[in-house]
Structures are given as structure tokens and as C-alpha cells.
Amino acid sequence: MTESAQLTGVVPPLVTPLTPEYDVDTASLARLVQYQLAGGVSGVFVLGTSGEGTFLTDEQRQVVLETTVAEVAGQVPVLAGVIDTSTNRVSAHVSAALKAGVDALVVTAPFYAATHPAEIERHFVRLKSVAGDTPLYAYDIPPRAGTKLPASLITSLAEQGVIAGVKDSSGQETSLRELVLQRREKKLDLTIMTGSEVTVDSSLAFGVDGVVPGLGNVDPAGYVRLYNAAVAGDAAAARAEQDRLFRLFDIIKVADRSRMGASSAALGAFKGGLYLLGVIDCPVTAYPSIALNDGEIAAIRPLLDRAGLH
Amino acid sequence: MTESAQLTGVVPPLVTPLTPEYDVDTASLARLVQYQLAGGVSGVFVLGTSGEGTFLTDEQRQVVLETTVAEVAGQVPVLAGVIDTSTNRVSAHVSAALKAGVDALVVTAPFYAATHPAEIERHFVRLKSVAGDTPLYAYDIPPRAGTKLPASLITSLAEQGVIAGVKDSSGQETSLRELVLQRREKKLDLTIMTGSEVTVDSSLAFGVDGVVPGLGNVDPAGYVRLYNAAVAGDAAAARAEQDRLFRLFDIIKVADRSRMGASSAALGAFKGGLYLLGVIDCPVTAYPSIALNDGEIAAIRPLLDRAGLH
Amino acid sequence: MTESAQLTGVVPPLVTPLTPEYDVDTASLARLVQYQLAGGVSGVFVLGTSGEGTFLTDEQRQVVLETTVAEVAGQVPVLAGVIDTSTNRVSAHVSAALKAGVDALVVTAPFYAATHPAEIERHFVRLKSVAGDTPLYAYDIPPRAGTKLPASLITSLAEQGVIAGVKDSSGQETSLRELVLQRREKKLDLTIMTGSEVTVDSSLAFGVDGVVPGLGNVDPAGYVRLYNAAVAGDAAAARAEQDRLFRLFDIIKVADRSRMGASSAALGAFKGGLYLLGVIDCPVTAYPSIALNDGEIAAIRPLLDRAGLH
Amino acid sequence: MTESAQLTGVVPPLVTPLTPEYDVDTASLARLVQYQLAGGVSGVFVLGTSGEGTFLTDEQRQVVLETTVAEVAGQVPVLAGVIDTSTNRVSAHVSAALKAGVDALVVTAPFYAATHPAEIERHFVRLKSVAGDTPLYAYDIPPRAGTKLPASLITSLAEQGVIAGVKDSSGQETSLRELVLQRREKKLDLTIMTGSEVTVDSSLAFGVDGVVPGLGNVDPAGYVRLYNAAVAGDAAAARAEQDRLFRLFDIIKVADRSRMGASSAALGAFKGGLYLLGVIDCPVTAYPSIALNDGEIAAIRPLLDRAGLH
């Protein structure tokens, strides 16, 4: 992928399969990559929020990057999350990811400290100087990073050539549409991807380029059908596929939330689904996350069945 | 400090002096340590939120730890922040801090991912096994870590011997009092420190053991006087000192918040005050934070004067 | 409108035109009604949030109701907001609205006190007994009422025949889609209207029945064209109309937000637009709201021009 | 109470006793007033949040006002809540309260609509012109009114002679201290009362004038002892009394929060305690609030016993 290449379609944020001892399970990761490629995805995104990147050691992150790059073997772009608290730390992840041969980098605002858009801008500008020709994608995920990237910041970074695109996981349709309108009005070279699993048909209809769905781990082919229907102008088919996936997304509700966090419940469900489908060997999430128990894993099965996944 | 030693008094969370090139300024850090010791502090806490720990590289963190341990030379305990997103990453910081010879470790909940108290408990338990005999302090700072540590979690960790104390920067007086009451009722061995700059007399009056005030960077002697008055039962003197420090805290309002974040405004003011007092050579905050400009730095001066600091 | 009649299409929440002395300007209100009817709306909704119902005395509310019912003269349904803090108070508004001859009632959760869904359910059930055959619509507006109506509550109220529909102003596309899916799955008799001005094409595409757009005060015909395009399956035309209206909605940004609240800025802009279009005589908002000044009113003009409104 | 009279001490916000049919129980209300006077309170505050004022009809509110004024018979000031959404509506409540002969009025910011401090200021200024010589107290209760009254607004209103004081139920100790400091620095004629049940000793120590504790319904004498100890300079006695009351406040946790809201749980507990103490005849809260069940009421008994209330 060169800087001018436009990313489109379905780019799932891959989970990181782990062994019961919390090591990266490279064999399962390789199968997951093949499952995605067979599903027709346009790219894969590793070490994002779904990839539990912030839970892994630098060594584990490198294993994920290298395994993925090798397994993908150039068939689609590999995007790497470089999510960390500050510019210094993200820079180190950028260098490591470039060394592993990834095609693009996905960067959040700094977090933990409370930052201002002007400081976030400095963050991205500096990181672009480290990344060189490799495209940067801004990752807008307010519940995790603690701040909403303003449309004015994103368009400014695009005009400066600092970012090639944005992954919007804010869940705010209005701001996403604002961005699409500004891209058209200002003729920006900016890829706009939504991170929402359940509003993809709408978002494609008003002009986003693709989707980065966590649920795409479990059903990449479904998202590809949805995308293809939408770009073919078959709104009814896109909606039907979206409605099916909306209900499949109910798997994130099987876990008992009185004993685990929202991240564990969602990622545990994605991994649980992949485990039941035979793609990965173990559904455990990264320490200290609490894993779904056997009953919760079993409760995923009928939801897969209902969605036609076997 | 052994595990049974009780931490009390004033333990400022030291800022990390930087050069204009964003390197750790060890000479300024050494002077800051001496300024604190001369002020009569009971300990120093490095690499916390005020210490911009999340902005520094591992190498820079190690320089801060080693410089501080050497400069303190055993006169008071050195507490080290080991703030990072997940257990794995904090573990590495714990090992590095132990190697540098610190006396205690200060640990937040995991962040970025949304965690549950049961997961936070696993986080602390694992870290205690890494820390061995070195005491752990739970650091409760909801606006940064994204979660409030429930009193039930803190008391459970104390009962298990996992934590020696808590630094409460939640700003929630009710929960802090709840903790003090539970300590008495359950006869817990638990140090309770407040992280609030402006309610210290109250907190000491209802039973906390000490304070970890960011503003203590600028006026350690003032906080020590406040602490000594409070423990001597001179509420009026404690309140008068607190009122003076309350107004000194107005230095965090000199910065133009339309161009920088809350963290930059507060830390920039602490550093600006130390710079004006001749303790550190440069008031810059860590990249990508925007520094106070000359006019903002100058506006700190009359507030120092009003507080009797020259 | 009988209970079985299905509400669809565009039902603007009318502003309440006021004189400079803060009396209801019935002549302007009558012109506003005619402007809406000429625009092709399917109904009008008075005394909602846009209608500043919570600012008006009971006498003023009655004037609004009677003027509107008389002017509409049965051509379309008149929906009346009965927004107040508690069941008792809303009951009184229901009785007054029934006496004025309205066709349906729009009810929020109780507010000021913090209520539970089970308490909100009791609220609606009691009000239905007061309203008799006149349909109730649940009004889901979390930023104002302080609580999000759960999908489970809305479907339960629909199954009991308590509500005929819902106006969703939550801005949460995911919960709105959940409701549409549940309606289909449970074969509910439930009208679903969106209150968002800027996502109407999307919402109609995934199955909502119509829209209650504040901006429809200014451009009812535009929303009717959007609605008609969407139901005719012309997604491109619907999107183009939505994009035009999205930019017209920028009128809510002309006011200086350092001197007035969000409600004043939005309602002042709607009234300012109607004033410039010659529909109402005075753009003032209800006391104590601060009105847009002449410069702000003038700044609306080019935005009307850009949208083709003269 | 004349305008220059300074309110101090304990002024409980009285609950409104209701019959099982949700009528005002005037006999119970009269006993509650006598129970308060016997406890030594400095004033009573009716129709506040604890008084469920927003749940009552205008007729019921008038019954509460007249019953209370008659029963108090001038022994202490009667403060009346005039809580409603907007200036117009509050004005009507002010007039009604004046007619009933109350001594002071307690006013929140407008709510439901989102207002700006400049608009809140207009609200208070207009209401003062209606209230005449009767003092107004600003009621700062952000979780209910949706906005925090800035210190600058309160001091401005005091300087203009619009308000005589403030009841701060924000739970934000820092802003409360800011207000106390500004009063001293600007020599304001401003009564400052805290609405927090559990931090009264601290607040009195740093300079507030008194407390408006919901829990004071149940134990007025306890709060009076706490107040008297604090003004006598006996910090240890004040703290011991506060600690006892802190634990008594656990009664608000007996209700099952999965079936009722926070307001119902707290007010149901206050009424439950008064019922068990024989002060009122029925612990029901206003419709649509869900009442505590028999088991929950019974669970209050041991907490009263522990606190020495029989």
C-alpha cells in the first residue's frame, strides 16, 4: 500500500489468540488470518483495541506483527495499532511496526494525561515524521482514549498530509457525517472508516469508505457481503445483512457483567465465537481480564446458529 | 521502609524537570529533591501523574529513579509510580523500579480497556507477587485511570496484604471518609493518603495519614507546616495554612486553556513556579504538551509573592 | 387520529412565537402553522422542547394549544407535549390538552428526581388512564430528561397498549435500530419517529416511520422532500436533501455560546430563520433565555440562501 | 427572619409525609415539625428535593406550606423550595409561598432546557423582584438541576443583593471552599450552607454556616449536637458525631436498587426511619416512586439501633 492507495471495504481489527498461559498462539493467529482472507477482507488491523495491544509486552506485540505480516504475505494491507499513552512511547511502537513490515499505522490521541487538540496535533505530526511514507490512520475512540478527535483536527491533519485516514469508533453518526461532508467540500484526500459493527449500511450509504468491525473477526464474509451489497446500490440486501449481524452482535451480551468488564465481555465473545467455529484453540482474553466461563461460551453457540455460522 | 512502616506526612509527587530538548534534567531534579528535603517532606513520589511518567521512555524513567534514589540517599522513602495500561507492562516497570532501589510502588488500575473491580484485583495481586516485600500503594485517580477504586476493593486488597496503602486523588470526600471508617472498623493495616491539594486540613482532621500534593513541588514547607499544625491539633493554624495554599493553587489557572490541556496547565504552573523560585532551569512540560508562554510564567510571580514564596 | 392510525412522515416540533414582551404571538403562530401545512407536513407537535413548553405558564400553554388546533382545523394531527417533572403535574397537562382537542400526547420520563425504569413505567401507565383513547407517544430525550428510555421499557409499554409510539431524540443510532428490530421480531404496533435533524435518510432506510425535526420549523418542505425520496426508494435524492439540511443546521452555530446556552442558541436560530423568512414577527426566545443579537440573526441569512430558502 | 438575619445551624429539608393514597398527611407532617423543633433545629426547609416538591400538585404544595407555617408558629424560620423548570413557573410558586407566610425561598437554576450562567442570573434577578424583601437562597444541586452554579455567579448575585445565601448540594468540597474564601475576601453578605449529610464537621471547620441534611429528618438532634460541638471548637466530638451519622446514612442502602431509583431509595429510607420512630404514619414516597417493601423497612431498624435512635 502506498500513501496514495485508498483503503476501502472490510478491515477487521483482529483479536490476538492466546494460549491458556497468556502467550501469543501463533498457530491460531495464522488460522485467524486465513479465515479473514477466505472471507474476502480488504485488510487486517492488528494490535488495536480488539487486539488487546495495550495488554501485550513489546515482545508479544512483535510476534503478532511478524506472524501476521508473514501469513498475509502481501495479499492485503496489514494495519498495526501503535496505541500508547504518549508520543515517545508510540514512536517506539511505530519503529517496531515498520521493522516488521506493516503497511499502515493506527494512532490514537495520547491518553491518561488530559490533552488538548493542539497537543494531539503535535502528537500526530511528530509521529508522521517517524513513520515516513507509511500512512497513519487516526483512531477516534473516545471511551478508551478519553477524548473525541474534533472534525477540525482531522481535516487539518489531512490537509497537512499527516494522516491518510480515520477510523471512527466514536459511535457519533453526526460527527461522522460532518467529516464526510467536509471531505467533499474541501476535496480532502482522507479515507473514512467506521468502527461500528451495527450501523455499517447507513454509514456506507452516506459516504464512508469501509468498516473496521470487531465482530468481523467472527463473520468476515458477512461484512464483505454487506459491503458489496452497499457499493452495488442494493440497500435492501445491505440492510438485511446488517440486521443479521446486528443480532449476531448479541454475543457480547452472553457474559455476566457483574463479574467482568465491558472489554472482557466483548472480546471474550469474539474469541468464544472463533473458538466454537474452530478457528482458534482457546478463547482466553489477556490477563487480568476475566474469561468467559463454559456456560457463557456455550451460550454463544445458538447465536452463531441463528446467524447461519457453523 | 519495611512493609510494616507506616507512611505519614507530606509526600509530594515530584515533577520531572526537563531540558528544552525534552531530556531529563538531572541537575534540576537533584535540586528539586534537595528543595523537598529542606522543606521537611516525609517522602517523595516520582513518576506519578505530576511526574509525567506516562510521557517518558523507559530509559528516561530509569534516569529519574536512579537520580532520585541517589539524591535522597535514604533520608526519606522514595515512592515510584509504575503507571501503565496493563499488568504485563506495569510488571516491567516494577522490576525496573526495584532495581533502582525504590522503597515503594504506586499502582493505578489498568486503563484504556474498561475493567471490572475483579479484574483490577487480579492486577494488584499479580503485581504484589512481582514486588515481593516492597509495599504497593493503590493510586485512585478516576479522571485519568477511568475508574474509581471501590472501597470494598481497597479493603479487600489490604486484608490480603496486597497493598500497604492508598493514594486517593478521586476528590470524593465521602468515599475517602468511608475508607477511614472501614479501616477503623475492620482494624486494617492501611495507609490512607489524600492527593488533593486544597482539602488537606479537613482530610487530616477526619483521619487520613498524609498528603501527596502536586502543589507541594512548589511549597513543600507550607504543606509540612499544615501537616504539623493538624497533627498538633491546631485546627486554626492548619486552616490558615490551607487557605494560603488554596490561593497559591490559583497558579494552575494562569495558562490559557484555549490552547492547552488541563494537565499541561497544572504541571506547567508547578514547573513555572519552581523555575521562578530558581529550583529548576526550564519550565517545559513533556512533549506533546504545550508549555506555558512567557506571559503565563510571569503571571505566576505575583501569586508566589502573595503566598510569601520568594 | 384514532389509536390505530399510524403516524408517519414529517411532524415538526413547532417553536412558540413570542412577542418582545414574552407573550404568545398567536398571529405568528397561525402563520407558522400555515407555513408547515403548505410545506406538506404530516402533523405538528407543539409544546415540545422546541416549543419551550417548560418555559410557559399554564395559560400560555393553553393559548398555544387552542390556536394550533383551530388553525390546523383537522388537516393533520396535532401532537401536544405534556412535559413536566412528575405524574401529577403531567396529568394536569394531559387534561388541559385533551380539553383543547389535540390528537395525541407526547410524554417524557419524570425528571429532576432520579427515576428507575419501573417507576417510569408506572408514570406512563397512569397517564394512559388519564388520556383514554388519545394516543401517547414516549419522548426519549436523555440530555433533557436525564435518563435513556430502555428499549425493553418501550416495547413493554407498546405490548401493554400504553404507548402508540416513540419519538427518539437520543441520538443513539444503535438503540434506535434495536427498537426497529424488536418491533419486527415482536410484531409490535409501535410508531417510531426520530428526533434527529441530520440522520433522517439513514433512519428511514433502516425502518423508522418519520421524523420530528426542530429544523423542520424553518424548512418543512425540505424534510417532506427528503421523506418522500426515502419512501420512494431514491436513496441518492434523500441523501442529497439530507446533506443540504445538514448544512442548513449550521444555523445553530451562529450564536456566541459564551453568552447563552445550547437551547437558546438552537431555538434562537430556528426562530431567527423563521423571522428572516417572514413567518414570525419576533425571534425572541422565552425568558430567561438570552436572544440572538442582530449580528447573529444576520449571520443566519447566508445559510438560508445557501440552502435555497428565501 | 429579616433579610439581614443570618441563617446558621441545622435546617433539615423535611420530607412530605403521605397517606397510602398519596395525599399529604398533615397530622404526620405536624408531628415531624414538632420532632424537628424538639431536636433543636434552626429552621426547616419544605418542598425541597427531600420534600418531593416536584411530585406534588400546587394544591398539595400549599397544604404543606400552610401546615408547616402554622405548626412552626414562628419559632424558627420556614424556608420553602420553589423548584420548577423556568422563571415563569417558579414565580408562581414564589407568590404562593409568600401568601402562605414563609420566611425564605430556595431556588434552583432552571432545568430541562440547557441554560447558561448569564441566563441563570436573569432567572434569579427576576425572582428577587417577585420575592421582595423575602430572602432567596440559591440551591446548587447539579445532579438534579443539570448544572453547577459557578462561584462567580453566586458571588455576583450576592453582591447585587439578589440572594441571601446558598445551599450547596454539589458534593464538591473544593468549590465550597472557594466560595467561603471569596466571601471573606470580598466581604460578602452571604450565608453558606452545605447540603451534604456526611461532611458537616469538615465544612463547619472551614467556615460554612450550617447544614441542610436530608438525614436530619431522622436524627435532627444528632446534627444539632454535631453543629454545637463544631462551633464550640470541640473537633473530636464533632467528628465522633459525624462518624455516627455517617453510618446512620447507610439506611439509604437498604433498598434494592434494581427495582427503584436513587431518589426513591434515599427518601424511602428517611421516611422508613421516621415511620419506625413513630413520627409519621406511612413511609410511602410520591407516585410514581416505588416504596420500600416490608423487608427493606425492617432492615432500617438495626441501623437506627446502632445509631442509638429508638
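Here the chain labels run A, B, C and D in written order, and each chain numbers its own residues starting at 1.
Convention: contacts are C-beta pairs under 8 Å (C-beta built on N, C-alpha and C of every residue); 3 or more make two chains touch, one makes a residue touch a chain.
Source: prediction; values computed, not measured.
Enquirer: Going only between touching chains, how few steps reach subunit C from subunit B?
Expert: 2
Enquirer: Would you identify the chain whose Cα-based centre sits farthest away from the centre of subunit B?
Expert: Farthest chain from subunit B, going by C-alpha centroids: C.
Enquirer: I need the rotation angle between the copies subunit B and subunit D from a CA superposition, between 0 and 180°, in steps of 5.
Expert: Resulting rotation angle: about 180 degrees.
Enquirer: Looking at where subunit C touches subunit D, is over half of the residue numbers used by both copies, so same, or under half, so different?
Expert: same
Enquirer: Whole-Å distance, subunit A centre to subunit C centre, using C-alpha means?
Expert: Each chain's C-alpha centroid was found; their separation is 37 Å.
Enquirer: With chain centres defined as C-alpha means, what is the inter-centre distance between subunit A and subunit D in Å?
Expert: Those two chain centres are 50 Å apart.
Enquirer: Would you give the residues of subunit C that are in contact with at least 2 other chains, written as numbers and ranges?
Expert: Touching at least two other chains: none.
Enquirer: Pairs of chains that touch, anyone?
Expert: A-B, A-C, B-D, C-D
Enquirer: Would you pull the subunit B residues touching subunit A in the complex into a rising list?
Expert: 49, 52, 54-57, 60, 83-89, 92, 110-116, 118-120, 122-123, 126, 143-146, 257, 259-264, 286-290
Enquirer: Taking the complex as given, what residues does subunit B use to touch subunit D?
Expert: 171-174, 177-178, 181, 196, 198-199, 201-202, 205-206, 233, 235, 239, 242-243, 246-247
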